[in-house]
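For reference, the structures are reproduced in the following blocks.
You will see two complexes here that share chain A, one where it goes with chain B and one where it goes with chain C.
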Partner chain A sequence: MSFDVVGFNFLEGLTHFLKVFGGVALTALIVSFILALIQYGGRGPGLYFKTLWQALVDFVHTSPRRVWAITELTWKESARKKALFVFVVFAILIMFAGWFLRDSVGRADLQLKIYVKFVLTAISWLTLPVILLLSCWGLPSDIKNRSLHTVVTKPIRRHEVVLGRFFGFTLVGTVILLVMGIVGYAWTVGQMPEAAKSELVGRVPVYGDMTYSNRNGDRPNFDDPNNLQNPASAATNVGDVWEFRSYIEGGTKSRTFYDFDNIDVAAAERAGQFRIEYNFEAFRTHKGDIEKRLLCRITIVNKETGLRVPLETFEVKEFSNRSADKTIILGGTDEEGNPIETITYREENTNEVKSVHIFDELLKGGDITVEVQCLDPGQFLGMARPDLFIRMPDRPFYVTFFKAVFGIWLQMVLIIVLGVTASCFVKGPVATLLTFGMLVIGSGFSELMQSLAIGTSEGGGPFESAYRMFMHLNPTVSIEDGPLKTIMTIVDQAALGFLWTVQYLFPQFEYYNMVPFVANGFDVPWKASLLPSILVTLAFVIPCLILGYFSMQLREMEAK
Partner chain B sequence: MNQISSQQRKLVYLIVIVLLLAPIVYFGAPGNGKDEDSGGKLSQLRSKYDLGETSLGNVDPASATMNLVLLGLRGIASNMLWSEAVEQKSQKDWAGLRATVDSIVLLQPHFKQVWEFQGWNLAYNVSAEWDGVADRYEWVKEGAKFMMKGSERNYKYPELYWESGRILGQKIGRADEKLFFRRFFLDDPNREGGGPDPDINPDGKDNYLAAKDWFQKANDIELQPGVTQSRLARVLFRSYPVRSQIDYANTFQEEGKFEEIERIREAWEVASTELRENWGSERFMTPAGAIVLEANDEILEAIIHEEGDRVSLEQKHEWVNRRQNMANYRYWRLLCRVESEAETIEAHRNLFLGKRAFIDRQDTYEAERLLTAGMTTMEKILGEWPELKQEDNFREECLKSVVIWRGCKQAQGEEIPADFPLKSLWDSYPGEAQEYSDLFRSLYGG
Partner chain C sequence: MNQPENVIEIRNLSKVYRDFWGRKKVQALKSLSLDVKKGEIFGLLGPNGSGKTTTMKLLLGLLFPTTGDVTMFGQPASNVEKNEKIGYLPEESYLYRFLNADETLDFYGRLFNISSDERKKRRDALIERVGLQHARKRQLKEYSKGMTRRIGLAQALINDPDLVLLDEPTSGLDPIGTRDMKDMILDLRDQGKTVVMCSHLLADVQDVCDRIAILYGGELKVMGRVDELLKSKEQEQILTSTLSDEALKDVKAVLAKHNAEFISADRPTATLEDLFLKTIQISQAQPGKRFVTEDDKAESPLDPADKPASN
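Showing the complex of A and B:
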């Protein structure tokens, strides 16, 4: 499996958050001011500002002791609701999972993926629904049972009740997750066959920028701002339905270039080796020598000094799941345990045998290009950006495993925040539906929603779609111009405009899915996965707390 | 308000539960698995009408549990898994595909098409995606193992046994990589210490003989009452054990293993006997009643008499002829007979060695000598059995030999004589003769 890891731009994200948050807050302030004016007339503005001031005072005077008291209460309540019974289900699953999963592929190296997927999916599917129900039903049942009356009559601020609930449910969830995480980790490691234990690592990849040259050796210059060419245009499309990889032709000047800047050479030197891992795909246009796999060569070019070092040619072991099959190691140690620091190669033009120091000469400065070529004429080698990376020193497996568990925790916190906030202004079933809806839209429909909002999806908005369905028109058939089309477009624009406005109010849950990294033996990357997850959670915690506070403040506590 | 206390109420519940349990136990008690009359009424009915899951095949406890756990959502779950499998295949996630397919069969263990489709998918489609021959073989094995597992789970689907035989026989024996695959079947490169993979070849047999065993199992299953197959016309379906034996006998000649002439003869003789005595003597139903392929008046009259003299002998002959044509029976019979002759084996050997002498060593004199000997014998055989002219492989072998023989003559600077062995065949098929001559020129000049 390959997945493209795209970095997350923090500043852009923050600006975006401030814009959306500011916009929503401003709208809320204006609307509530107008409502205050309408409801209370001349007294309205006074009350309005008093409420705002009170909110500020309340937040500043938050008492950790009182929040903790509510947290404890929440913990007790949850325990009484037998939320911890979820452990029993988990235990049963773990006990019998071996039946379903052991040796299901018959190949030890594929087991990691299956075990990790099972354990982490089981943990999130068991934890999240429990937490969702607990957080959505907590406050409404307190109100219904009138137990909240005894709380609010105490010297406690409303937002402390909300905060206490947040922390209480988070505590319950954390305990559940921690226990499940530790048991799941021990189970995964214990179940792994001895032959595949080496796959239990967290590889740390560094990806480069990829470009191709065509069969004549022409490489598009992407530094030229006028060049609007697609980077893959110089490569060949072999007609694969999955257009993930582009192909270079063997036995020609066609190459793939992976440009790396600022590699941490010191870290590689400390580890004593420099590793490149690849995952290429072979495509044959003729049978060729079927006893041999396609032959490939990698050349490392130092961008600063121009030094070119062609490495030994190798046969491409495509689709292999053993990273050892696809890793080129420079350096390391010899048979007697002495470190190898130089590499011997044949100079390209003169064929002269030369030797070069790996870290001081070849990788000097940390800016390199890795050139890949296929040596078999008439055959093609396919690759995409994530198919070649520099493998920095590995992290232990538990680090990446628990990062993924942390991802589930962040998702859980977000659900608690949404659930508790929703339960501050609606009843249990509605809060559950609302939170569940946000979860479903955020995890499965955000792409669809965005394509609708920016108008890239075919078939128009809701009204046009309904019309097309009714008239049996497929999305690519154009609708004749006329008053009907004009009306539909206007109405659709209003609907899609609304969608555009609210699209960012749904959290993007896909950031939290860190399972593929762990399952494929990668470390969960900070910038592409952990950071955005933490920020998405934080971005919802703050506004939800404010919303929860005002909802509780203004809510009639009498059960209805 | 309730007249009875909570404790009394619970007691009543308990009594009701016990009362309701009694008929369940009475009707549903499981049998001992041996006697039809053991167990409760339901169990007896189940074994009487063959409705129990155990009568379909081995029960996988994981599969049964999975279906139980999913309650009524099995259909949805298997649909999702099917689309996941398609997605994984297009994205080349082979490990994922294999795992998904395993999950699908847990949910649908008795759905024949799952086994047929996915077994084929693994052995043919997935294996072709891999570049290394050993990797490809690994996936062919995966497909075969999958199909065999399917047949274990489903005793009543002869198609699954047949498909297992097809993968072992035709995928391993006829793929582009057949030379490697056939070798790997006896000495697996992915296995520590080599040797055949015990899961697909426990007895270390030739792939065609292993396939023959599976085809034979398919035939045995197909004979059981209440079992039918929908793969092929029955007359063809039942020919496969013999056809595998023929394929096996053919490999000696194809691979140039002429050093054990006695084994070759034996292989063809077994094929010939099985063809006449097994496949040829089986009864097949036609609109004119039962027939056998190896028919003579005496046998057919006996059948007509058995069936109450409802059809004439001519009608029976007519249908025997139709079925023989359908199954190409006379050709196979002739082939087995001709090929089991020591003379034919010798002729094949001479043609093969002559060809190798020309191609590998460019020894035109030796090649010419061997080819002339082979061609002369072939001419004699054709004179004896002229129907063999219609047979593509036989004709191709003869015509190609003539082309090489002519090449040898040319290389030696000699004129092609006006008359030569197999000339009548050469003259009867000028189109093919030209085609092979062009191919020869493109490869070797001249």
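Showing the complex of A and C:
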């Protein structure tokens, strides 16, 4: 199990949001001003600023009671139009799923993976389409049936209708998700075999920064960020898993260093143990006895005191996936149940046997380095950043399970806001297609769009490429410097800037996929998963509601 | 005497419907100007496509004027606050069909931020007023058209409005429902409220409206008080008790003496609506009563009570 869990860079995210939101908003303001001038002539600017001012007034005077009235109406509508029928489908799935999924491989960790993936996927696939259809068809059907006429002729502001619909569908979806989540959780726990119940945890990993030293023991310049991002630059490339994982050579001074700062030693001490989990890959240059494992060692170094404690050697087997084999536990309890607080080790230089207190000495200050070395000459040990982590006290399984449900909820909210906004200016089927399209593009094409917008482009941008095609120049032929090239470069940069903005108009739905964490027994991390999901949802909710307001405010309910 | 204030002022109002590309499709309204005064019942008449519903929708802000201005209570039609004083009954009572009558009124009451107690009070009173006590817990999708009109009217009155806009208020109602609706409209006027209605049913308009405007092709053709517009300026009508032939001859002689032409003398007839309502009224009071004789000679329920009528 490997996650390259990288914390979300809030500042960078905010900058992107402001750039995209600001760019789109500015464009919309300029275009609408020009349109007002064209349509109303001299009166245009006055009307334009009056509309903007009115928007401000309307938002300030938003009435929660009226919004709640529409919210309740939406709830009643969904309930009476049998939207909650989705529970029946879920119940049928749950009733019979156990027959097909139970004990298919006999491995506890895989059993958990199967159950969790099934339950959370079933919840997503049942909830999201229902919510998508409800949110895309609600307002258009009100407009078509003209029931909205009796509403907007009351002293309700049109954005209150949009808000009410948004909250109403969110309420419906929340209830559906909550019920399904509770039932799904109870079902998962109930289905897990007794022997595998220990897998029902939310492991909390703390990842360190990883660097290598070469076979002579030299470490690269740590100030160069490239060395941190590209492990292959320091360690050995054995031709396997090129970018993600790199290898250290056994029997040399080559080591991997995992640096951890500010570890919560107190929490580990309360739990009575300090755990390190790893998942290294053995790469043999000579096979020999295939049953023989690679001999490795981990040394824990206290960065503050310089104390070095080499731990017992351990073996790494090829093709092993059992996590129990890959855990080092310092502390814990002895056979009589007494806590173990010290560790005995042989000092590297003197070979003297010493004892050290785990929490008060070895982990003192919380800044440590874990050094990994391979002791078998001629063999290689492969590692990536997420291959070793400190396992902090586990969180209960229900916490991590419902965090994943919360992830589905955030995704649902985003779909609702996209659907409701789209339904403010187009009819139901178009709104459905539009929202579904955004969902598909945001789920599977964000990397492609990113590579188009910011990736390297052989042969230049769209205009330069067109020029090359026209002139029969292949991408490797350089174009002579001159005004033409300058113009093409500028225009291409503008086009790429536009593409860059456009790619962010599609929400990245990958953030919401928290199922792998739960399925693999990990807690859903706040900074790497929950926070970006919340922020992506918020980043779309606010502009969408503004767009929804103007769409409703400026549209004629009875336009022919 | 002070002139009543204008509740609605329409000035040079025009509406052009355009297609997606902005090309002119149809001009629904051409420079309409009119006022509606406080406390009157104002009727908008015209054939299909004359612009009366467009006018109504422009008043309500459902459409935006191409040119011209609409003010209600001194505020522009686009102003949401003006809706506090307005009740609107749309042509087809476009309500939420999955709600029942209680929920419908409660929902619309909440849009006016009316307190819960007050909503309940008004809801009960209005349901009683429109005669839907027996069906208040049934979803509107189970309602007949007449019942839907009644609950539609009730929702239009939930805020106790000063101005009520009624689009085809009697459409789809049976004669009793029509009579009730007209009575309620007259009640509203008696309470000092202003009513604007548009209708195809000219008799209904004549019965209740103080003033009317007739639109044709989006233009205002006629406007004024109903009684003045309909009053004949060249004829007189005298109503007396039944005259003998002798007496009729004398009347003609007198008329000739004053150079007045005698046109016709006939017994006045009641309206069909009067006959229908009277029949229902008597049938409710005396369930066995019939007005059909064996030789199929009709007797009228409108005949004086002392006149013999067969059972």
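Operating definition for what follows: the second predicted complex is superposed on the first by the 492 of 560 C-alpha atoms of A that agree within 3 Å, B and C clash if a C-alpha of one lies under 4 Å from a C-alpha of the other, contacts with A are read in each partner's own complex, and residues count from 1 in each chain.
FYI, contacts are C-beta pairs under 8 Å (C-beta built on N, C-alpha and C of every residue); 3 or more make two chains touch, one makes a residue touch a chain.
Just so it is clear, the model here is predicted, and its values are computed rather than measured.
A.B. asks: After superposition on the shared chain, which partner residues are touched by A:294: those of chain B (first), chain C (second), both, or neither?
C.D. replies: It touches chain B, and chain C stays clear.
A.B. asks: Examine A:20 and indicate which partner it touches, taking first as chain B and second as chain C; both and neither are also allowed.
C.D. replies: neither
A.B. asks: In the superposed arrangement, does A:340 touch chain B (first), chain C (second), both or neither?
C.D. replies: After superposition on chain A, A:340 lies in contact with neither partner.
A.B. asks: Between chain B (first) and chain C (second), which does A:282 come into contact with in this model arrangement: first, second, both, or neither?
C.D. replies: In the superposition, A:282 contacts chain B only.
A.B. asks: Once chain A of both complexes is superposed, is A:152 in touch with chain B (first), chain C (second), both, or neither?
C.D. replies: Touch partner of A:152: chain C, not chain B.
A.B. asks: Does the superposition put A:114 against chain B (first), chain C (second), both, or neither?
C.D. replies: In the superposed model, A:114 contacts chain B only, not chain C.
A.B. asks: Once chain A of both complexes is superposed, is A:28 in touch with chain B (first), chain C (second), both, or neither?
C.D. replies: Touch status of A:28: no partner.
A.B. asks: Please identify the positions on chain A that touch both chain B and chain C, taking each partner from its own complex.
C.D. replies: Touching chain B and chain C on chain A: no residues.
A.B. asks: So in the complex, the part of chain A that touches chain C is made up of which residues?
C.D. replies: Interface residues on the chain A side: 58, 63, 65-66, 68-69, 72-73, 76-77, 80-81, 145-157, 556-560.
A.B. asks: Considering the complex alone, what residue numbers of chain A touch chain B?
C.D. replies: My answer: residues 1, 96, 99-100, 104-107, 110, 113-114, 241-242, 244, 281-282, 284, 287, 290-291, 293-294, 316-319, 321.
A.B. asks: Per the contact definition, I'd like the list of chain B residues that touch chain A in the complex.
C.D. replies: 61-62, 65-66, 90-96, 98-99, 102-103, 106, 129-133, 135, 142, 145, 176-177, 180
A.B. asks: In their complex, what parts of chain C are in touch with chain A?
C.D. replies: For this pair, the touching residues of chain C are 17, 25-26, 57, 60-64, 80-81, 83-84, 86, 88, 90, 92, 94-96, 98-99, 103, 107-108, 110-113, 139, 152, 155, 159.
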